[in-house]
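All remarks here apply to the structure that follows.
Chain IDs A, B and C follow the sequence of writing; residue 1 opens each chain.
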Amino acid sequence: MLKFIIKRLGASLGILLAASFLLYVLVINSGDPLQDLRESTADNREHLMAQRVEYMNLDQPWYARYWDWLTGVGKCFGGACDLGTNIQGQNVNDLLAVAASSTLRLVILATVLAAIFGIAIGVLTAVRQYSGLDYGVTFLTFLFFSLPVFWAAVMLKEYMAIGYNDWIKEPDISMVQIIVIALLFGFLMQVFLAGDLKRRIITFAVSAAFVGVAIPYLLWLNFFRYPQLGLVGIIILSLAVALSGTAMTVGVRNKAVLYPALITVGLGIIAYYATFSLLESPSTWLLIIGGALSMIIPGAIGYFMGGRVRKIAMWVSAFTGLVAAGLTTVDHIFRAWPEFLALKPRPIGTIGSQTPNFDGGFWEIFLDRGAQLLLPTLLLAIISLASYSRYTRTSMLEVGQQDYIRTARSKGLSERTVVFRHAFRNALIPIATIAAFDFAGLIGGAVITETVFGWKGMGEMFKTGLEHIDPAPVMAFFLVTGTAAVLFNMLADIFYALLDPRIRV
Amino acid sequence: MSTQTHEPATTGTALSFENLSVTFQTEFSDVKAVKGLSLEVFPGEVVALVGESGSGKSVTSTAAMGLLPSNASITGKAFVGGINVVNLPEAKMRKMRATDIAMVFQEPMTALNPVLTIERQLTESLELHGLAYGKEATARAVELLEMVGIPEPRKRIKQYPHQFSGGQRQRIVIAMAISCDPKVIIADEPTTALDVTVQAEILDLLRELKDKLNTGILLITHNMGVVADLADRVAVMFRGSLVETGTVDQVLNRPQHPYTQKLLAAVPRLEAVDISGDWQPEPIAPVNPNRTLVLEAKNLVLEYDMRGSKFRAVDDVSFELARGEILGIVGESGSGKSTIAKAVLGLLPVASGVLAVQGQNLTQLRPKAARAVRAKIGVIFQDPAASLNPRFPIGDCITEPMVVHKVGNRAARIKRATELLEAVHLPASVINRYPHELSGGQRQRVCIARALTLDPELLIADEPTSALDVSVQAAVLEMIQELQERYEFACLFVSHDLAVVDLLAHSVVVMKDGHAVEQGRVSDVLHAPQHDYTRRLLAAAPVPEPGEQAVRREARRILLANDNPDS
Amino acid sequence: MSEHQNNDELRGSSNMQSEMGPDGHPVVSLAEVEDAELAKNESQSRSQGQLIRRRFLNHKPAIISSVVLVFITVMAFSSIGFAGIPGWWDKDYSKAGELINGGAPTLSLLPTWLGGSGLAFGESPFGQDNTGKDYFALVMRGTQKSIIIAVIVGMVATFIGAIIGAVAGYFRGWVDEVLMRITDLFIVIPLLVLAAVLAQMVGNKSGSIFALAFVLGLLTWTGLARLVRGEILSLREREYVAAAQAMGSKTSRVIFKHLLPNTVGVIVVNATFAIAGAILLETSLSYLGFGVQPPETSLGLLISQYQNAFTNRPWLFWWPGMIIVAIALSVNFLGDGLRDAFDPRQTRKAKRRKTKELS
């Protein structure tokens, strides 16, 4: 296993080196960096040219320049990278520091979201092959495949961001809109939950009625400007999770699972008060530790009380704990929302990765970053989600025809167990390899998205660098994205080995 | 052996069908797979459902499990322990699986989930049906593994399927099937994918379990030897209908229906195998000095490249094959028998030793000369579905060797194709048809025709009949024999089936793990084996006569007991 | 194996003719039954190609997509003419004109009884740009160029991908290693990045869309190569390939007669996906400014040129984008239909008798 990873890592580093060489040579040969100055009529033309030659070491042969760059990168292992200077003589290290974080945040978030939702949708459509849902999702995935990213980005910016910003000023939904939303929601719910005609009608009626009542109520509360969850909301929702989790696994009569889950809900209430002031202005680490604890403690409770269904008890409790913790966090975010709106009246950003000169508490900054990140992430995630869902669907259908699935059915396992325990893990194996390619595609997509949304990120660095035949920023872009891709690829490999015991043992 | 007559009642049966019919809706038409079948299986009884492909035997069993695909429509009744499972709601059917009716599948290599441990796969049905949980379930699973004869079950239960051999995997599948004490087990070709010695072990296991657990077993098979070995009663299916039912003795020894009679007549039999060792060999005839050697191997070594390291598949094998003779190579999977065929065909380089066709050593030939040698060798492979290029019409398939070696013009080629089709008893009209329009047996006959296109000196037949049905196999074997007598080519016949080799070949090489353990005339080697392995191999091959098979089974037990005195 | 058996199972009793042989005796052997059926079978022999065509024609989305695609292509090439042949559209894409109604589109699809002005093309159906150029003519020209680029990219990529994939799959060894390493290269350098660099190089050197298309084709073959390689790896283990080798066929014959024709499904399907991908890649590059350079044009370049006009003249943005989506979507659906036609395994769709319970 370790040998396998080290081998792959070594190969990846080799590829990275070869790719850097290729890219460097191609970039410096893609045009003439002095073009604009040659055509310039400025008086100090000669001086400018000499200066640029010095910045870019143009007096040296290409291999020397590449070697320079490579040794500069080599210094990274000593902790002091030297990525050279760009066409204007700026230090690329400094440029990179600003650019890398926002781009990586975008790409990683989009990958995670796309993978989770794409795989979930893929499984769902495979299970419901040839249903209305399947056809609908198939059409949508093909549509997403066919969308030019920048075109969709402009649409999103124009219609979603600006539309929402205008609306949030005075949130109002007309009666007609409410009815349309309710009917649409009811329709979608019955498509998702499926079942026979009677069940579909009931699902439709209940969910449409719920939305029809909930929206006016929320409007009356002015929820969209002053959202609130409150302890009551948290208790109700966590209880629902605890009960449905128990019901879906072993049934509510099984006390060995039910009790730890209920205790977890109780602990959640205590934790809500205990952490209240702490969470008013937390830190990222605090949130991570809190999130981990919210699973570990209930997990432990489940372990000790679970008896012979120990594993299930652990999972149900841990999940309940996570949901309760998540809801507590959401409650704090809700509390910060009015303040945030006051600071930033048009919340959804369309330009830049953060609002310049924005000042506020932890949650306000969190909301600002989130709001700026929202559209680009959504866009990248949707496009990449399409391929994940497609691959998952194909893979699930392929696995569904395997003999061991028939064996599993012949044991009397329910369709859900067959799908999740037997089919799903096997179906994930080929997806792990595809994820690496998808990640590279996402980075390409990020270049475009950043351009549309005016981010000063890696994409920008690449674009301007290439326009000016300026290798240093382009190579810096490559260094970060290439390394990220290699790391991601390695993660995919590890995941692959974890999934497939034939590689592991 | 149960000889009592049963009343056609559903009470007391483990499994019974009443007028069961199954129809599939396919892409272009409806297909009736089972047409009004009635059959009972009682507890503690093994009923064999035999038939060739297309007879509907597997469809019948799958219907009882409620696992038919959604394009199947089922009418009639199928009772499992008194409950009609035809069109039973899925939720109720699920509760009955494993506890009332369980199944053992054909392909042990793919029947287990590769990413889950054996423990997980064994305990999940116990936990699901509420029989045992957690540690109890694991303990029960270990017990089950012990019962089906997996050594060190406590340690091995943590392992994954790929860490077990094919035979062991089939044992695990059987353990899974018996885990919830079902009333009836459907064994769908449980030994077809296994080697003959492993098959014998699995059959022993099934017999032992049947007596111990008093479950009914519906054994689906095409192998009459397996039927004779294990079944109490036999039902014969042909084209979706039951043509004959009766005790194993009645059906195998006194078949009434002409189909059954023909089927049994088509089964190749090992004649008078002597296991005790006091067989008097025929006097050795002097070697004919005029015989011309077509194929000769001397100290042949063949190796596969396995990621840098060499795997020796054939080690130090020598044999001779003269014009007009058939040499059989027998062995189990992994013995290297097909590797030899591959090397003769030039698909694998010779690592060392001599492999000569008509005196020309293949290793030392230049490419051009090697191509000329190729023209003298015809080949038939195992899988008729994969042996013909699906994009070539039959005519092109047959005349391809002529095209490759630039023989004749178009008219001559068509004439040759027509001739050959006639020789293999196929209508000349198929010349323009595509392989997918033909059945397996017909495709295999096309392969024979292709092999004979250039009047070969040597025919390589690599398991040519093992993917075919019994009656089709008989027709193909007869054809090879007839053509061989007519054209007098030499034939290297690779097979795992001793009976087929016995029927066809003049001499035989028995292979095991790349070595030739025994070789000589068929009449000596297969009837008076000298080597232990040959004896075991012969003892493990079941014969389609229940009385004789019982005797052979006993003899095999004694043979194995003598081999390993401690067990 | 199991699939093959299943086929035989179905074939066994596919027609319900009486089970009597030609001489009136009941047929009691499988071999005889099969032979009798074969002799009786006088129906037109169907090659695989015919079966595939039939399945494809039953695939509604693919047929609709084909119609859309043909419509767009015919419109693009016939309206403004191509290669010196004049088209039926009277306005020139390069001539500025007088702005009518702020340059709003005059195309109307709404019938009069719904309050529209009936099906009418009007003076400038797609509107005009800020200098009064007819946008329909501009978009049609862009569509023409984008289609040309996409088709060339698709063909170049398919050709290279199929050959390299086949060679790597057949010979394995170092050829295969090299292919896999090149594939790995695209994991660390995103396709868009490499394409941008090369496109800029081409743009600076020649500026022709053919050169650009060729270079993009040289970059996008790896996906197909991997798929063909995988297919060949499994096909080369088939016995008919062994038979061909054993009878002394030359390697080139084995690859081009026996292996590649049997991967035609994969190749055709992925050629369509390559074309859809090429359309999007070209538009993205042109948008970033590395693709098609003026005075040449393409749909992506049009969007890029007019993106600042979005608030005032949104149609300048809408039309090219919608045509890109329409082409890419149709090509994708076409590919999907072809895949189902070539490989019906996953689409053996049957009327469901009972819906299986889930949950």
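Assorted remarks:
As a working rule, contacts are C-beta pairs under 8 Å (C-beta built on N, C-alpha and C of every residue); 3 or more make two chains touch, one makes a residue touch a chain.
Please read these numbers as outputs of a predicted model, since none were measured by experiment.
Closest chain to the protein centre (all Cα atoms averaged), using per-chain Cα means: C.
Note on interfaces B-C and A-B: more C-beta pairs are in contact across B-C. Chain C has its Cα centroid 30 Å from the Cα centroid of chain A.
Inter-chain spacing, taken between the CA centroids of chain B and chain C, is 44 Å. Note: centroid distance chain A to chain B, computed from Cα atoms, is 52 Å.
Each of the following residues of chain B touches two or more other chains: 90, 107. Residue positions 403, 414-415 of chain A each touch two or more of the other chains.
Multi-chain contact residues of chain C (touching two or more other chains): 2, 352, 356-357.
For chain B in complex with chain C, the residues that touch the partner chain are 24-27, 29, 31-33, 35, 52-56, 58-59, 69-73, 87, 89-91, 107, 238-240, 257-259, 261-263, 266, 342, 345-347, 370-371, 374-375, 377, 379, 381-383, 385-391, 393, 400-401, 404-405, 425-427, 430, 432-434, 436-442, 447, 450, 460, 469, 471-472, 474-475.
Against chain C, in their complex, chain A makes its touches with residues 11-12, 15-16, 18-19, 22-23, 26-27, 29-32, 127-128, 130, 142-143, 145-151, 154-155, 158, 194, 196, 394, 397-398, 401, 403, 414-416, 436-437, 439-441, 443-445, 447-448, 451, 462-463, 466-467, 474, 477-478, 481-482, 485-486, 489.
Against chain A, in their complex, chain B makes its touches with residues 65, 67, 90, 94-99, 102-103, 105, 107, 110-116, 124-125, 128-129, 133-136, 159-160, 162-163, 173, 176. In the complex of the two chains, the chain C residues touching chain A come out as 2, 181, 184-194, 196-198, 200-201, 204, 276, 280, 283-284, 287-290, 300, 303-304, 307, 310, 314, 317, 321, 324-325, 327-329, 331-333, 336, 345-346, 349, 352, 355-359.
Per the touch definition, chain C reaches chain B in the complex via residues 1-2, 4-5, 8-14, 16, 19, 26, 28-31, 33-35, 38-39, 41, 45-48, 55, 238-240, 242-250, 253, 257-258, 261-262, 344, 348, 350-354, 356-357.
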